[in-house]
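Heads up, the next two complexes both have chain A, just with different partners, chain B and then chain C.
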Partner chain A sequence: MRLSLLMVIYMSIVFFWLVVALFVYIGLFKSYHALRRSYRDLRKAVYQEGIEKVLMEEPLEQLVEFFRPRRWGDLDIIQEVLTESMRHLKGAPFDTLREVALKMGLIDHNLRRLSARSHHERGHALEALGLLRAPQAIVAIIDILDEETQDLRIVALRSLAAIGDPAALPYFVKACDGLPAPLLMRVASLMLEFGPISHRSIQRLINAHPEAFPPRILIPILKEIALDLEEARAR
Partner chain B sequence: MGDEKKSVCIFEDNPTIQVLLKIFFQKRGYLPVITGDGVDAVSVVRRHGPSLIMLDIIMPGKDGVEACQELRAAGVTTPIVFLTSKAFADDKARGLAAGADAFLLKPFNPAELDATLRPFLG
Partner chain C sequence: MTESYLWGVRVTELVLVYYFFILNGIYMILSFMAFRAIYRHLLRNIYGGFEQLSRSPLTPPVSILVPAYNEKVGIATTVNNLLHIDFMRYEVIVINDGSTDGMLDELRKDFRLQPAPLPEEMGLKTEPILGVYRSAVHHNLTVIDKKNGGKSDALNAGLNVAQHPYFCTIDADAILEPDALQRVIRPIMESPVRVIGVGGIVRVANGCRVEKGRVVDVDLPRNPLPVFQVVEYFRSFLCGRTGYSRLNALMIVSGAFGLFELEPVIEIGGYRRQTVGEDMDLVTRLHVLMRDQGIKDYLIEFVPDPVCWTEAPATLSVLIRQRRRWQKGLLEVLSEHPQMLFNPRYGWLGMLAYPFFLCFEGWGILLETLGYIVFFLGWYLNAVQTDFMLAFFMAAILCGTLLSLTGVLLGEMSPREYPRFSHWIRLIAFAVIENFGYRQLISWLRLMGTIDFIRGKGEWGRMERRGIAVDK
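After this line comes the complex of A and B, so read on.
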């Protein structure tokens, strides 16, 4: 009886300290991330001025000089600033931002990140390569398609669609093996971005997975195809 | 008093687009007033008396179409331009029916934005 009472006291003390340790760990974890976030925000603010310079049409050499990393670890922050703006812009400012990114070697940087252990980092690299319209990344992206998780496979296909080389189209159909029906619909709409050249591959995709394309999904795709053909005919 | 800048009210929740639009309007001599949601659209517009209102469709609190309807119902006659992503292009008819004057898609080209807004900004 006395022994079991001692056991209860001992276990309560151990449990108490375990809970304290857990709270300390959570506290440290949260503080680390809050500090990291505020440091990144501060660094981002430094480079965000460069976006203003891009919109003010400053010469490319000056822009490249401005975006040169000033501290260790800044390259990822610069990339974030550039790609965030590229996502919302098109035309001349988009082309300028892309030029700056190419001159800074961001394509090679992201190609290296494709083999990172972190799923998150690989996703960012795939997205950046698509935004940078990097044709030299097509082979590397296709190579990792089979190994990636479903969500990263969609990011990879989105990047291939953004790069826009129709040679990648057969891999879209191949990458659909094992994807659930709602994702197949997304793949079909990504393929439409290639224009009329994608129609035959889309047909193959629909034939291979008819269950994923009921009439309510198929009709908007057919409408897009009809618009594509009309535009091609007008040209 | 004569040096007072004309303002433009921007209702947009994406911080990157906020920065891009801020630079765009500053470059053209306007004072951008940026709000992250459409909840108090009517009072913000009444306070600043802008030359133009830019609205996003998908925003926290109140969507752009609702905000546009409220502005028109409150008697605001300032030109309203929607700037929204391609995925919500179907909302164009809804936006125009709510009283908007133009509808632009993201991603945007500043040169195209300039050409579209020129008739409203004079």
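After this line comes the complex of A and C, so read on.
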């Protein structure tokens, strides 16, 4: 048999099985995700009622009881419901939800996930700790700053900024040590979340890495600092 | 005579098999890389922190440039859509490129435009600007009225007026996703190296339900022609561009939507007017600029998130014009930069992307055509065996289906997928059917485009819009 014909026949056989495999994979993928999504939506609807109970100022014990996982795998769904609502709520309802999260052990659950092997699981846990505004997590997050990859280091700093404890500010400067120059502006933008209290640390960051802050980057930072100061003076 | 003819057929046969092998092998490697990249990207999106990024005062502001020619029907909806996206600081600059359908009057009326002073410095040469207007109701809307000079010229006029360090170009009939800028600005803010350009997935809007300038229901069109293009867009955007982006060898960011750093674009003289493939030309020249300056630490990235919806040609005549123009534009750009070919100074761009585009996407069509001629002539003259022809045909169909299915799978993985089971069945069916006619049609149009390039003929042509930006 000719070489060209042989090659074409072998290729056809390989392609055929690859097409079949891909077809099956797409089918399984689509079905799994459709089922998973509808199941999660159903379970979310169950716990969504709890948010209304929070707004109606029901006692904490009852709320904790309501949010207790009823099925295996519900903890993740509950966390999603709580953090989604915390994005939009302020004041007493926000504090109640944070208390519920603490009592249910969500913060401990995410702290444990910080040492997970999966990069994305750690990222997810860091994000959740920030959204839950968990001051208990500050030390743990600072501890892992040096070891984490660049992208997760940014997620960790974002969580610290969301938690908002100015005690974490010096660690922002320290975390920049191994970061490439283009990422330092991102760190500075996260530091600005702390308000006027961050200015000295930002100054320290700029002094330590002047090459990362050319005028086009420095000017918006200075503008923002000036705005912060103006606001503080007005207050 | 007969023996040498047979020998010629055998050699051509073998060349075609190798050509087929290498072409599809590269596609498959790119698809595999794209699969990994998209999977990781989607997982990262869960903890993306887009909200914080969007409201951060240090997130660079963006100028959105909308070149428009005779787009009276949908321009108000497009501009309204752009004025309500989720991003903190941006301006919208509409460039009226000498429209004759009263588009400027429409804009004047809808957005209460008032004359503003012309820019003092015009860094890029363009056709004369007749006037600049600012909206009395939207502080971030500017309209430039200029003499007709084509899309590149209109974009250059917009660059002269742009005030922000990054700019984004969008077609006047396209629909931007509300969080599109957040998604494309993230690589700029969170990449360890300088990012000078970012592209995203442009999706086909035909068949989708559009309300108030937003895609509210993702659906497939009934007309089969755009459905073929849905499969094709998935394959090209999700497999090809994501793969090249991993190697920093992306040669094209779609003209329908792209974000760029202003400074290097001004440095290369903005968009080049003498080409019909201005989007690919710009990206390639940006690569050349950076590499020639000895800068290796930069990226032109592709974000596998849907950012923009556009109307795909629904009639054969428009498709014919579009594809001939694309092919001519590709060959123009490739012929401008022969120094890239297998030049290690350009990294993967010079060693893989440029040769691939040159040999397969560009001039490869001539070999494909030769292949068709030799096969059919050889078969007619009994020089090519029927079993070989059938086996090759089968391999080509299976391989084409495999690549299209990969595109469909990646499309299903990315956000705003086609929601219904029937969509999935149709997409898979079209991924198979396209091998029997549509692909051959596209090859034919590429050949026509190549002939246009050789003859130095061809221009932009008119896209007949049915108005997706208008509420249905």
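Just so it is clear, the second predicted complex is superposed on the first by the 194 of 235 C-alpha atoms of A that agree within 3 Å, B and C clash if a C-alpha of one lies under 4 Å from a C-alpha of the other, contacts with A are read in each partner's own complex, and residues count from 1 in each chain.
Going forward, contacts are C-beta pairs under 8 Å (C-beta built on N, C-alpha and C of every residue); 3 or more make two chains touch, one makes a residue touch a chain.
Quick caveat, the model's predicted, so the values are computed rather than measured.
In the superposed pair of complexes, A:48 makes contact with chain B only, with no contact to chain C.
Of the two partner chains placed by the overlay, only chain C lies in contact with A:11; chain B stays clear of it. Touch counts on chain A: comparing chain C and chain B, the chain ahead is C. In the superposed model, A:93 makes contact with chain B only, not with chain C. In the superposition on chain A, contact is made by A:85 with chain B only, not with chain C.
Touched by chain B in one complex and by chain C in the other are residues 87 of chain A.
Those residues of chain A that touch chain B in the complex are listed here as 48, 51-52, 55-56, 84-85, 87-94.
Across the complex, chain C meets chain A through its residues 10, 13-14, 17, 21, 40, 43-44, 46-47, 49, 51-52, 56-60, 165, 189-195, 385, 387-388, 391-392, 394-395, 398-399, 401-402, 405-406, 408-409, 412-413, 421, 424, 428. Put simply, chain B touches chain A in their complex at residues 14, 16-17, 19-20, 23-24, 27, 106-112. Those residues of chain A lying in contact with chain C across their complex are 2-5, 7-9, 11-12, 15-16, 18-19, 22-23, 25-26, 29-30, 34, 87, 120, 123-124, 126-127, 150-151, 154-155, 158, 161-162, 179-180, 182-183, 185-186, 188-190, 192-193, 216-217, 220-221, 223-224, 227.
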